[in-house]
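Each structure below appears as structure tokens.
Two complexes come next, and they have one chain in common, chain A, joined by chain B in the first and chain C in the second.
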Partner chain A sequence: MSDPPPLGSNVLVVESEPTAALRYAFDRFDETEGPTVVVNAAPRTESVLAAAGEAWAAEANHVVDCSGETADATALDATVTVGGSDVPSVGEATVRALDDATAPVGLCLDSVSAVVERSSIQQAYKLLYLVAERVRSLDARAFYTWSGPIEERTRRILTRPLDDVVRLGAGERRATEAGDGER
Partner chain B sequence: MCEDTSVVLVVEDEADLADFFATVLQQEYEVRVALDGTEAVEAYDESVDVALLDRRMPKRRGSKVLTHIRDAPGDCAVAMVTAVGPDFDIIEMGFDDYVRKPVSRDELVSLVERMVRRRQFDDSLRSHYRLARTAALLETQKSSAELAESDEYDRLLAELEATEQELVGSAELSAADVGSLIRDDGSPE
Partner chain C sequence: MSGDAAGSRATFDAVVDGVAAWQPDEAATRGLCEHLDRRLNEGVENVWEREVVEREPGSSEAEVVVNGEIAVVFAEAVGPATVSRLRRSLSALARRYSYLVVYWRDPEREDRGYRWSVERSISARRVGTRGLTFVAPPDEAPSVAEGSRMLSWSTVAAGATLLCAVSASLWLVVGTTGLVQALAAGAAGLFVWTLLVGPFVAR
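This part shows the complex of A and B:
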């Protein structure tokens, strides 16, 4: 595992391969440090769990399912909170999970692209700003995934409230791009 | 009255209770009182920052007043202050907070403070987004050298930083307030 980002940092991980960003994020969490909140805001529950399951024991995760699927359909066996699938519900459930977890060290929000798809860049921006501030105040680390291509302007807007961006190319999982213009 | 004093609209058909709310709140805010739904609609304009709405009132119910407020210009935070327990009908109502009567003085002050603060965060967050969007547009159109030489771009970055200062403290918002802030997304992109 390569070095995790500093405590209190928020990183957007842009992927071109399905679940590559999730695996990148999970590779940088250390379950011995404390619980991790995994927010599933995309309709790919199985991928989230598969990636998480490979990384560490399920009991270390607090999975917040905001996929909009019913609890029966998701068949999640980790700690589960089923929130609504709208963006305010994602934000509320994410912050609640961070606050409820005892000394959370990690957050993985999958995925920002799904959030933008179901709402707007403005709403996604508010979500990222407010969650990122919470992560900083808790001294945790957060990864926010983006699946597929992203316009440069959108990337610059969405990373303004964050600290860094990592772009994962096809077949490449460690390519790091320094965030310019980020806080 | 100071120009930036927040305006609170109290909509309550029990006159004694309306007086109590007004007496408590007018120490900090400009307070307007309406004793029924029709008066509430007349008293509301876009200068109102926070509305406290009873649900059961003569002439026009609180939910109808809420619809009027949401359809009218302005971006008012609304709390239902009512003896009516919440039921499934609240899902579509679009309020920011829901408080059961009776409400103590401290609860009232805390409720309005929270809503005014959330409203201020919302304004700052929208400003921050607008500035970030403008910065991103320039950054994708101009070279690094052009940006470095631009006084306008410098001012834009300074404004972004100033807005971030206004948002200090947003990490202490409750989860419910975070949801409400994200939900208040009325301004067009």
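This part shows the complex of A and C:
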């Protein structure tokens, strides 16, 4: 397993199979790190919660559910708050969760592809731009998931406010494109 | 077009309007960035609803980028190699941005016709973007009179084409009389002239 990215960094994880990016992110959160915040912005609440449940033993976790679905999260040993599913609501809920944490947190926002599908590339860019800035200022560590294929231009646009991109194939890290020097 | 795609297009149109209304100063890029930020975010209090306007200085990059997807680039002096050079440059930028606004910087009035022909030959589809617009400074924007001249050129070209067709028909039906030959030669000459010289008459 590769080393976790440095504190203050933001990484887009492109997955080809469901929840692979979530598992990749959870594997890289340090146990001594503060609580993990999962922002569930994709309409796949059950699989996100299942992946989170598998990965977590800690109690101090926080799920921000912005999926717009109603899911049974009681089995998950975590604080669950519900936020609106529009992009400004997802952003506000994410930043609030980061700010409320008592220690630097690991953030996993699932998923950017759902945000683009629900709104637009420009809306997703605004979300990533502002959240990534907050992650840097708090010295946190963040992973943003993308499910399925991604157009090259979309990848270039959305990774500009971020620090790294990881493509996962068959559960393995295939390549790292450190922003292509485009930042 | 979905509502959100329409929203992205609307932001592109707002950026075009903002660039068109810009009065350049010496600190061009910074000035344009501040101008667009002010204009696009006027009265917007929610930070999540603000448009993200960033500077992207560098010779091969866009000057200003809005929401990561709309790039404003500067185009300088025009010349015979402008079309191919600009098309290459815009095609490269189209791999990074979905919408492009090309701003003619310090344009010469004498180049106006040439610029117009450049704009006609480079389209969004050709460079591979969702939107492409050329913008000139306010005092260089095409006037109604100039638009009329362009329209009249188009009308002349269409008329010459029609005249060519009529002459060719007469040639075939009536035969090669002196009058028909003169008519055909005149029409062909006018047709060629409008195609070759027409784009430059708007100077």
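By definition in this document, the second predicted complex is superposed on the first by the 161 of 183 C-alpha atoms of A that agree within 3 Å, B and C clash if a C-alpha of one lies under 4 Å from a C-alpha of the other, contacts with A are read in each partner's own complex, and residues count from 1 in each chain.
What we mean here is this: contacts are C-beta pairs under 8 Å (C-beta built on N, C-alpha and C of every residue); 3 or more make two chains touch, one makes a residue touch a chain.
Every value quoted in this text rests on a predicted model; they were computed, and no experiment measured them.
A.B. asks: With both structures lined up on chain A, is it a clash or a fit for chain B and chain C?
C.D. replies: Clash.
A.B. asks: Touch check for A:160: first (chain B), second (chain C), both, or neither?
C.D. replies: In the superposition, A:160 contacts both chain B and chain C.
A.B. asks: Which chain, chain B or chain C, is in touch with more residues of chain A?
C.D. replies: Touching more of chain A: B.
A.B. asks: If you stack the two complexes on chain A, which partner ends up touching A:125: first (chain B), second (chain C), both, or neither?
C.D. replies: both
A.B. asks: Thinking of the overlay built on chain A, is A:99 touched by chain B (first), by chain C (second), by both, or by neither?
C.D. replies: Only chain B; A:99 stays clear of chain C.
A.B. asks: Could you look at A:16 and tell me whether it touches chain B, chain C, both or neither (first, second, both, neither)?
C.D. replies: After superposing on A, A:16 lies clear of both chain B and chain C.
A.B. asks: On the A-aligned overlay, A:152 touches which partner chain: chain B = first, chain C = second, or both, or neither?
C.D. replies: Touch status of A:152: both partners.
A.B. asks: Applying the document's definition of touch, where does A:136 land relative to chain B and chain C: first, second, both, or neither?
C.D. replies: First partner only, chain B.
A.B. asks: What is the contact status of A:87 with respect to chain B (first) and chain C (second): first, second, both, or neither?
C.D. replies: Both partners, chain B and chain C.
A.B. asks: Run through 59-67, 77-85 or 167-175 for chain C and report the one that clashes with chain B in the overlay.
C.D. replies: 59-67
A.B. asks: Between chain B and chain C, which residues of chain A are contacted by each of them?
C.D. replies: Residues 87-88, 91-92, 119-123, 125-127, 129-130, 152-153, 156-157, 160-161, which sit in both footprints.
A.B. asks: Name, in rising order, each residue of chain B that touches chain A in their complex.
C.D. replies: 125-126, 128-129, 132-133, 135-137, 139-140, 160, 164, 167, 170-176, 178-183, 185, 187, 189
A.B. asks: Which bits of chain A are touching chain B when the two form their complex?
C.D. replies: 87-89, 91-93, 95-96, 99, 119-123, 125-127, 129-131, 133-134, 136-137, 152-154, 156-157, 160-161, 181, 183
A.B. asks: Which of the residues in chain A end up touching chain C in this complex?
C.D. replies: Contact set of chain A toward chain C: 87-88, 91-92, 118-123, 125-127, 129-130, 152-153, 156-158, 160-161, 182.
A.B. asks: Can you list the chain C residues touching chain A in their complex?
C.D. replies: 4-5, 7-8, 11, 46-52, 67-70, 94-98
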